[in-house]
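The structure under discussion appears below in the form of structure tokens.
Should a chain be cited, it is by its letter among A, B, C and D, assigned in written order, with residues numbered from 1 in that chain.
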């Protein structure tokens, strides 16, 4: 079931002013159905015309609330940042096919780059609930532009990489992952910029991997076929419907 | 009496509100929002003789208040449509209008014949695609080719034929007359304007296919003008579309001469737009004390 | 070196930023805002052989994020222009490009001859008007007629000739090639799309002339696409316009292939837009470490 | 001289909620030059695209402020109503050719219908300053939709007409004007809906009349020629440049 409902904004605060925001929304129906890795299509204002796909960051089914973590990019996300408590927000969701959550025999590895960390938090919570032990690698550009680390610390051991080395290991998440011992893991999940995902895919022989992809979306509903990505078998699949989460082995990035 | 009953020559719909091809899948994707039986009809996404994987992404971008798309007619082909999509769609309780495309005149004939089956209410013929045999000229920009497509489709089916006009022409009235004399029962218009956007950081076109179809609110004035011109030029009914987002937009098209309307890009913005328009038209008629929406078709010409 | 120096074949401007015909009067109306000498050039409002009073109002309306106008080429005629407008305009310190219209091929020849005088920097030939002798077909939608207009103007003047293309055609590249072979030195594009708006309360067209020219931000994707296509089709430079509101828009046109740009409707929204674009282009070149804006002309084709 | 300046909003209050608002703006340059009957072109937001012509209601040259009185019609005026104190507002002005202000031998008559009263208040103030005695006729649809009468009471004797008769004479301003004795006046000024102006024009033999017209404007600067109105000599004149104030004898309404 997909809902188009108005949620009520409970809070909408910058984590880093003009850059990263966290919004909490009361919307029972969507909260009730949401699974890790799913996303919303949000109407942010009269312009932009299109809704904007934003991952579900956290869900509280009991309270009937969902949270989103978002980064200001252009007009749409700017509009989001200007919304005030108690305002209504026009949501469609939950959308897409999320991450696999079950009890695995070994540990789970969560790898997030930049705002790509957003869908991993709810995933981590649910994996933990399912009894898994979790390790998390987060990549940012610098200490000042890092965020939400405190959230991830609650669900497992967190390792950080920053491009400028101002926090954690210097470099991208690749700097943490190279020479990694994958023996104690049997499941990995990643979301982040395409170059990062490309690299992660090279680890697919060591680890059973799920990747959450991005693509430009028209409808978010599977109708317009704009959001496709190439599969290993040469077919295109819809990121909004069959994805955003795919098996690393399914996808190819060579386009 | 049903104030919105819509009779387009040999084709009837319970109301004049449809959803445009390529923006509504086959309907399935919108089933959670409302009962599809409320719609006048669904123009299902473009179907071709063979399966097409479609264009390399990026396929769509928002620009200038509208969107540009170049999906490349991605679809499973007509056999897949008949086997896997139609059986479900025909039970939606609304008219199923199959949008067909080809790369030769024969393709259109083949499609028309294959789709002359139960469950298909009408055929909408998309001629905004290149005629591969004739050097890639778009069928819809050449009156003679458009005429021949209409004739070929007509020969191969007894279903109502809706010829869908491309707006990228010097003289839309001539195109309309061409398809009318080729045997079109109905005209739908407009397909997308051809447009482009450039990513100034990457210094290249945003859409991988370079150009694409421009749709949404910005194209409405062009669409309205063309509906107005075609209404004067032909005797067959028009299904108007292009940037329709609400009841007022729909009324503009009807007053310009459209006997039915279609919501395209609007479905991405708010899936309830078609339903809101159905309610809105009823409310408008009540307010004006009219007994049928047909009383205002083309009224702007008076 | 002047990074914005603009050389369009036989026509030079100090920078590639101009203001579009019909949106800037003769410049006088904007003198209070800034020194007009800052502009690359001014395309003065459309001039015809005889005085024209113009269309009955309502002549303009905002719609769909743009505007529709049908002014009807109101102007005092070419004699009035030469006597009362040019003497002041030629002292603005910027190129004065006179936009000419006619209702016959001969009209254009006459205008070209009359305006081959000092103070006129170039002629911009508006062919989006009906050829009254030939049944009212717009010059700009028929390649042969457009070719003949260009040839006639060329024969009657040694000033640089800018042929202004209408976007309301099936194939813009053919139109561009037609005017190039007719002798055009430069192409400017696009003129307005033909559009319409309906007042649903009055149940009639908003513009008294029914249809009008649609301009402003919504037409940008169409204009860009056409500039891109024409850049590939001809060897003469292009002045791009259609919905340009800021530096990024201007850059899109330049990357699509325009060697200069023009601000039209934007002047109504903020008279400083042309000046902001001049500054913005300079800043962009500095940021990218480029020495001339010509380095990015047509770069989106690479 | 015409300025394009940002003014600062000093106040913006409804006189009648969702209908009539009064906004006071600090903008020295425009205040300094403004003459009665002139107007501003205001950018109300990113949409509508076009600026909106709004008359100058009151000017305080000493304080460097101008006021506007406006009625909510569509998006543009809605945008205006949402602006807050201390926000900037993008103005072009002063524009157009205003009313004649001088000392007349007899009384002056000001006739306003609906929001057409807006340019008459500043005119009245200036006529009074010039030593004239003023009578004012204002037309509204009802008592509840009448406004700004208190302002006009300060400058002269006010007569009211309302369509429903709930205040003053029942009917339009015509109801007040018919059988009027124009002998004690030698100058009249009117602004309001076109049917009202049409009627007023029929009085032109009794009274030297100036009418302030409306027309759809593209630029407000005289450049686009969209705002024209027909003159008695068959020519069109620009409402934004030669107008908005014309001699009643100049204009014709038969279009």
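Criterion: a residue touches a chain if its C-beta (ideal position, glycine included) is under 8 Å from a C-beta of that chain, and two chains touch if they have at least 3 such contacts.
In this text, all values refer to a predicted model and were calculated from it rather than measured experimentally.
S.K.: Could you tell me which chains make contact with chain A and chain D both?
M.R.: none
S.K.: Measuring centre to centre, with centres taken as mean CA positions, what chain is farthest from chain B?
M.R.: Looking at centroid distances, D is the chain farthest away.
S.K.: Just give me the whole-number Å value for how far the CA centre of chain C lies from that of chain D.
M.R.: Distance between chain centres, rounded to whole Å: 36 Å.
S.K.: From the C-alpha centre of chain B to that of chain D, how far is it in Å?
M.R.: Taking the mean C-alpha position of each chain, the two centres sit 48 Å apart.
S.K.: Centroid from C-alpha atoms only, then distance chain B to chain C, rounded to Å. What do you get?
M.R.: About 34 Å, centre to centre.
S.K.: Touching two or more other chains, which residues of chain D qualify?
M.R.: Residues 47 of chain D each touch two or more of the other chains.
S.K.: Return the residues of chain C touching two or more other chains; collapse runs of consecutive numbers into ranges.
M.R.: 65-66, 217
S.K.: Touch graph of the chains shown: is it line, ring, star, complete or other?
M.R.: ring
S.K.: Can you work out from the touch definition every pair of chains that touches here?
M.R.: Listed by label, chains in contact pair as A-B, A-D, B-C, C-D.
S.K.: Could you please specify the touching residues of chain A with respect to chain D in the complex?
M.R.: Touch list, chain A to chain D: 46-47.
S.K.: Any idea which chain A residues touch chain B in the complex?
M.R.: Listed in rising order, the residues are 1-4, 43, 47-51, 90, 92, 215-229, 234-236, 241, 255.
S.K.: In the complex of these two chains, what residues of chain C are touching chain B?
M.R.: Against chain B, the touching part of chain C is residues 63-66, 68, 141-142, 168-171, 193-198, 200, 203-205, 210-211, 214, 217-222, 224-225, 228, 243, 248, 251-252, 255-256, 296, 299-300, 302.
S.K.: Can you check the complex and tell me which residues of chain C touch chain D?
M.R.: For this pair, the touching residues of chain C are 22-25, 29-30, 32-33, 45, 53-54, 56-62, 65-67, 69, 71, 74, 216-217, 265, 267-272.
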